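In structure tokens below, several structures.
Two complexes are shown next, each including chain A; its partner changes from chain B in the first to chain C in the second.
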Partner chain A sequence: MGKLQRILALAVLAISPVLQSAYAETPQEKGRAIAEETDRRDLGWGDSDVVMSMILRNAEGESSVRELRLRSLEVPERGVGDKSITVFDKPRDIEGTAFLSHTKILDPDDQWLYLPALKRVKRISSKNKSGPFVGSEFAYEDLVSQEVDRYDYTWLRDENCGEAAPTMECFVVERTPLYEHSGYTKQVSWVDKQDYQPRKTEFYDRKDALLKTLLQLDYKQYQGQYWRTHRMDMTNHQTGKSTTLTFEDYSFKVGLSEGDFEKNRLKRVR
Partner chain B sequence: MISGVRIAAAGLCLAAGALPALAKEPNIETSLELGMELRVFPNDPALGPQRDRAVSPSFYLEPEITADWNGGVDRLTLVPYARVDRDDDSRTHVDLREANWLHIGDGYDLVIGADKVFWGVTESRHLVDIVNQSDGVEDVDLEDKLGQPMVQLAVPSDLGTFSFFVMPYFRERTFPDADARLSSGVRVDDDAQYDSDAEEFHPDLAVRWSQVIGDFDVGLSHFHGTSREPRLLALDPANPSNLTPYYDQIDQTGLDLQYTTDAWLWKLEAIGRGGHGDYFPAAVAGFEYTLFGIRGSDMDLGFLAEYQYDGRDEDGSAPGTLANNDTFVGTRLTFNDVDDTSILAGAVVDNEDGSTLLSLEAERRIGDAWKVEAVARFFLNADSENGLTALERDDFVSLTLIRYF
Partner chain C sequence: MSDVRSGDSAIRKAGWAAKYALWIIRWRWAVIAVSILLTLGAGFGGQFLSFSTDYRVFFSKENPQLQAFESLQRVFNKEDNISLVLQPKNGDVFQADMLAAIRNLTEESWQVPFATRVDSISNFQNSTAEEDDLIVDDLVPAESPLDAADLQRIRAAAMTEPLLRDRIISPDARTTMVNITITLPQKELTEVPEAMAHVDGLVADFRADNPNITLAITGSVALNNSFSVSAQNDMQTLIPLMYGVLLLVMAVLLRSISGTFATLLVIAFSAMTAMGLAGWLGIQLTPPSVTAPTIILTLAIADSVHVLISMFHGMRRGMSKRDALVESLRVNFQPVFLTSLTTMIGFMSLNFSDAPPFRDLGNITAMGVGAAWFFSIAFLPALMAVLPVRIKPREEHESVAMERLAEFVIRRRGPIMIGTLALVAGLVAFIPKIELNDQFVKYFDKSIQFRNDTDWATDNLSGIYQAQWSIPAAESGGISDPDYLRRLEDFTQFLRARGEVVHVLTLTDIFKRLNKNMHGDDPDWYKLPDERDLAAQYLLLFEMSLPFGLDLNNQVNVDKSAVRVIATLENITTNELRALDEEASAWLQDHFPSAAETRASGPFVMFAYIAKRNIEGMLTGTFFAFLLISATLTIALRSMKLGAISLAPNLVPAAMAFGIWGLTVGEVGMASSVVTATSLGIIVDATVHFLSKYRRARVERGEDAEDAVRYAFSTVGTALWVTTAILVAGFAVLSLSTFKINGSMGMLTAITLVMAIIIDFLLLPAMLLFLDGRRKDRDAGQAPIAQAAE
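Presenting the complex of A and B:
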């Protein structure tokens, strides 16, 4: 191959996801290509550390606060999910409690819980994907890493991103969970065309009724590449409860490795 | 002059740059847990010396001070503990739950000082867990532990984590005062006797390997040293209810295994112990099965069952146990609400004589800094030959209000 041909071939390769989405024959292929592109743009983030706070509100307007820290590790192999440790700082009675998750694609995740009062690490069942995370409107499955192959996709239409990003155009993509024990029949997400980030997601319950809406706001870009939301508003339409999850600035590539996400290190985490 | 200003400015900048780092390290955190407890004993005591108090108040304090530096790889932890009980002089006590230095090295971590270590998987009995002595005055379930002085080295590897323990000082078990409830009417002497001439200074050793293999969590351990369980000897002919604790030298090998699949947790703990009469095996095996999101709600309902077997001699050469051939059944209701409400109810039934310990534990948070815990224990149908019989009239309900500062 001549030099020019090689450059051309490389250029075609580089824009092929865009071409795929532009020329996808079916809405299914187009929907998947959008998810692949979101995933591709996030490759290589390595590991990260972030401080989060959660405000839980009930229908009467009473609120309760959680403070937690999330450490995450990217596992580059396509067939293996990412790993994360969540450590709770507030409320005080669960301070130091830590939750370790090894995400799988379709198999059940491996999960452990560290209870500091007893110094006990318990392996727990991960069947509880649809259960509330610390009493919030987020389910476990809403917070684990969003691996592409966990869902089937269908592109529905293009439209303005709406309230979460009124100046942007979005792909509207329906996705159905392929993993077992999901609480949802489907999710409809609005993914912006510029950065391929989810801006809004609607969750439909097992009876296919609209259950929750998630707005992902305050995106910031790190290291010139990785976009992260800094505010997630989850509203439950059936109970009137809502949860706001906010993130302080992320630290990337802080030097975490597989060894930091082993069960036996959980009791050393702070 | 100008250069002087520049240098001063540069110096200030440097100082300013260095200041936040200085201010952060060591990173010191302090907290305090304060608990107020009421124990209600609905029945009159069975045994003469026991005080007849229907309501026993007590409170406890547990401060925690931690300091870490070098980016968190070095950490000092200090957790003193004190309880004051109006009706049990032995329950009024202090302890150092933790006082240690942790260093997370490259490929190892090291703890020097008093610490707490838990091994095991089952719920109704903790057979394998042997590092820490039980703080027996806290609750009859023996789940509260005294701080154990130790040097602990843990080395993680692809083949699992290997941990080594040297425990240079032994802690005696605590027992309720003879005239308090739940004492079984006996006075356990403060002056313990030991198998080892070194007494409480016998250096105890332990090693443990633990690994996750797919859906299996496995631990293998061996302990060589002073038994945490004493034999209680009646050495005082004038008063047979005066007992002397005797701590034998033992060797105990332990296995703990959990298989996690779907909503099932299958659990096994097994030990073999030498030094208490004939070498004997003991085991606890069972499961926990959880129904998640019952009836479309957020609540989880768990069912637990465990069988307890213990093959130790019953001729006095080994400490007595209630768990020689018993069955535990229980249920756990987790509300998954904002207040983390949960209830665990269970019964341990002696398969031979039907003696039953009924337990209920419930807790919920109140606001952001308070929590309430309720514990009820009932001793039912106790056979006259069973150890429970001495507790038969000591059924109790305890309510604890905890404030976190």
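Presenting the complex of A and C:
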């Protein structure tokens, strides 16, 4: 899809929902347009900082808590992904461990991990972003910024958003990962028609069986524009395990720059 | 109280039975129609029958080993597996085409329904150091050149890797496996067959593409599947065989086409009714419970044979068909009812078993025996009243042999008593030689592919038998504690030092490799990290590097406070496994404070305790059955004394059978637990027949003990050995089952029945002569009255 076409599509989208339905688009075009709109509405957030807490549960009912901070930097160029640093605060034995990621669109991300006990930064060969993130039900690929061009899209239908947002109507869009080494054959996401935010996502494994369901709850709007979920519930249907990720309030535009997301700055992240 | 009154009641009773017989003959067409309708109504439930495909059906929900294992599976992952074991016809695994084939098979295996993980030599997550980076990648990645140098790299890594050697690759490098972890939702019975069907397709394609690679399929899903394969095989072979045997028996015994036809219908209706009711009740079929129709056929035939033989006996003596039928029902009504009742009690006592398949077997068989009773005293006479019967009056000779036997017993009662008691004592002495063993692979005979494949895999790589321990740490995140890791390493060493342990999967091997990697692959650093933070951060780093499905969640719990250790074992017996469990438990108590309470778990451990648990449950069940049956006998015979005397012939045969088993076979599984109770209900029939005839002679005919023994032999002796022969043939058919538990149960029951007839013909009359005969001179004729009054 060329640039002109995309702008046209966006313009049409922006102008009128009536026109939108009159516009004879294919389900693929409609699916992509929805993703583009989600992306467009989130442009310009700059950088952010948030404190997160992760609760892991197994089928036996045992649970475990991890606490971490996430700093993110928006990279405006479309062909380059965003950057992020995750710093672990709890449990105590991994305190200060910091994870730096430069997201790529289709290539494997660049990833480094700083180990305070070893006082070294180790590069991670990250063909594998499909594995569980710190033993949780989230794969790393579920948490990284959702760049539009990582997927192919197909709009499936419109329906009520369901349990995560019962009062809203949603687009249901199927997306298939274009990057290699994904753990999924496809994802089906419910994106609300009002704010274009994902409310629920189903993940299908390599044999196309339902693997996990993610609910994104407690959305709050920042700076009159940027919506952020404050609770993500991921349930693995095959193992009976689940993970809840909760976010405290976000800080935006805290003054982070490219330089803060360099490998050799990791040691000094606190 | 007098003879007259006792006689009165006998006639009144007989009168009732005779009236009943006349009623049945009068309404014969209606009785036939109702019987057919009942059978169809019940049999309609047969459509709901399904074959269970889960080894867990052998364990009740209350089973502590099952509960422990389910809990462990909820903490880590619920895992079943399908192992594809591979061996090239020539050379070893480290050849380019072999490795390429394994890599493809590994990729394709992810498509197996319910697969959640695939482990093989090709996708093993090998970690290496490259300058300052940790490289975690497939041992044989897709882009691997597989040239000589690459093959050497793969061989060197694989053969020295403790996670692979002896588990995924044999030490001689000849055999390897692709292990598919299957997480069954356990919602549908079709899950296991669905997964297996996919694997069968995969394997067929693989074999076509790689004719030079031998491939065997094993694992717990294959085991699960084999239960239904075996049960269906048995259904298809044993039941027709049983019909064949019984047809032959009837042809010889009854020498009557209509009698054979009627009996065939009775046993078929009984089996259909029981299986249909099982369907209505939602019972799932398992290898033990599919023997129910075979057992029902065997048991049901006895009722019919008793009714028909008495009827033909009357006709041979010149009675009309109608009179002979009425007389047959009159004399058989009570004994047939009694024997059915005691058999039902015996089988219903299986509800005390810990293994639900045996409960099902007991209940289905009890329903079948109940149905057989109904059809034998209603449908059979009605049908015989309709069918033409041609019996020529003639002399019967069989009783001559029985009379000789009676005389022999009466004359040599002393030596017989001592001789049989000595024989019993001698055989019982061998019971302790029996060893309980439930190696579930050996449940299947060699006609089942799973057995052959698993044996081959065990010989060439590693076995299917595993024991696992969830080793808790003292606190959250405590698995990174150096003290914990050191103890875990010691426990691993303790296990590896044992001869029966082939392989131990443990987290300490991963820690050691990571420590080495983090120090530039320096072999000197192949040791446990000695700081908690360092270990925790290594683990974090490694976990971040693992791809989908190959994570550590199956080895480490979410709280990082417990590690799962899995030992793969030689082909050991369940006795040896229990010893390993005991010794490991003692070791943990002495050396591992946080894991002091930990016991071994897993399917094999569950089977290791199943026989013991079942025997404990069945001891109670057998005791209740014994009490109920003895009480029934005492009431039926109206004699405490005869009831007491009946104890010996009812109890002794099973003990003798186990003695013979200990002497000849020596090994038995959970089948042993149920044999005493079920055979008790069957062998008691012979005692009932013998004692009721004996009592009839004493009470109705006022004979002394010697004459009463003669009377009993001449009236029921032939019928007893004939029915015993039928029952022995029937249970011997079971020994042809593809499922060893059924085979053992069949053989043990058959031996018990043979012992029972010996005891009934030798020990029982000798005991009667000694215990009931002493007073014959002093107060002959009064003892029976006293008995009748009780």
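Simple rule for what comes next: the second predicted complex is superposed on the first by the 248 of 270 C-alpha atoms of A that agree within 3 Å, B and C clash if a C-alpha of one lies under 4 Å from a C-alpha of the other, contacts with A are read in each partner's own complex, and residues count from 1 in each chain.
The rule is simple: a contact is a pair of C-beta atoms (placed from the backbone, for glycine too) under 8 Å apart; a residue touches a chain by one contact, two chains touch by 3 or more.
Note that the coordinates shown come from a computational prediction; the quantities given were computed from them, not determined experimentally.
With both structures placed on the common chain, the touch criterion links A:Ser130 to chain B and to chain C.
Partner contacting the larger number of chain A residues, of chain B and chain C: C. Within the superposed three-chain model, A:Pro108 lies in touch with chain B and out of touch with chain C [touch as defined at top]. In the overlay built on the shared chain, the residue A:Gln28 is in contact with neither chain B nor chain C. Of the two partner chains placed by superposition, only chain C is touched by A:Thr97; chain B is not.
Touch criterion met: A:Arg268 reaches chain B, while chain C stays clear of it. Shared-chain residue A:Leu118: touches chain B and chain C both.
In the superposition on chain A, A:Thr235 makes contact with neither chain B nor chain C. Touch criterion not met for A:Thr185: it reaches neither chain B nor chain C. In the superposed model, A:Ser64 lies in contact with both chain B and chain C. Across the two superposed structures, the residue set of chain A contacted by chain B and also by chain C is 56, 58, 64, 91-94, 118, 120-125, 127-128, 130-132, 134-135, 181, 183.
The part of chain A that touches chain B in the complex is made up of residues 56, 58, 64-65, 90-95, 108, 110, 118-125, 127-128, 130-132, 134-135, 181, 183, 259, 262-265, 268, 270.
Touching chain C in their complex are the following residues of chain A: 56-64, 88, 91-94, 97, 99, 111, 113, 115-118, 120-128, 130-135, 139-140, 181-183, 205-207, 209, 238-241. Contacts from chain C toward chain A in the complex involve residues 71, 73-78, 110-116, 132-137, 183, 185, 476-477, 480, 518, 531-538, 540-541, 543-553, 556-561.
Chain B makes touch with chain A in their complex at residues 31, 66, 68, 72, 75, 102, 104, 109, 116-118, 121, 143, 154, 156, 161, 210, 212, 217, 258, 260, 262-265, 290, 292-293, 298, 300, 336-340, 365, 368-369, 371, 402, 404.
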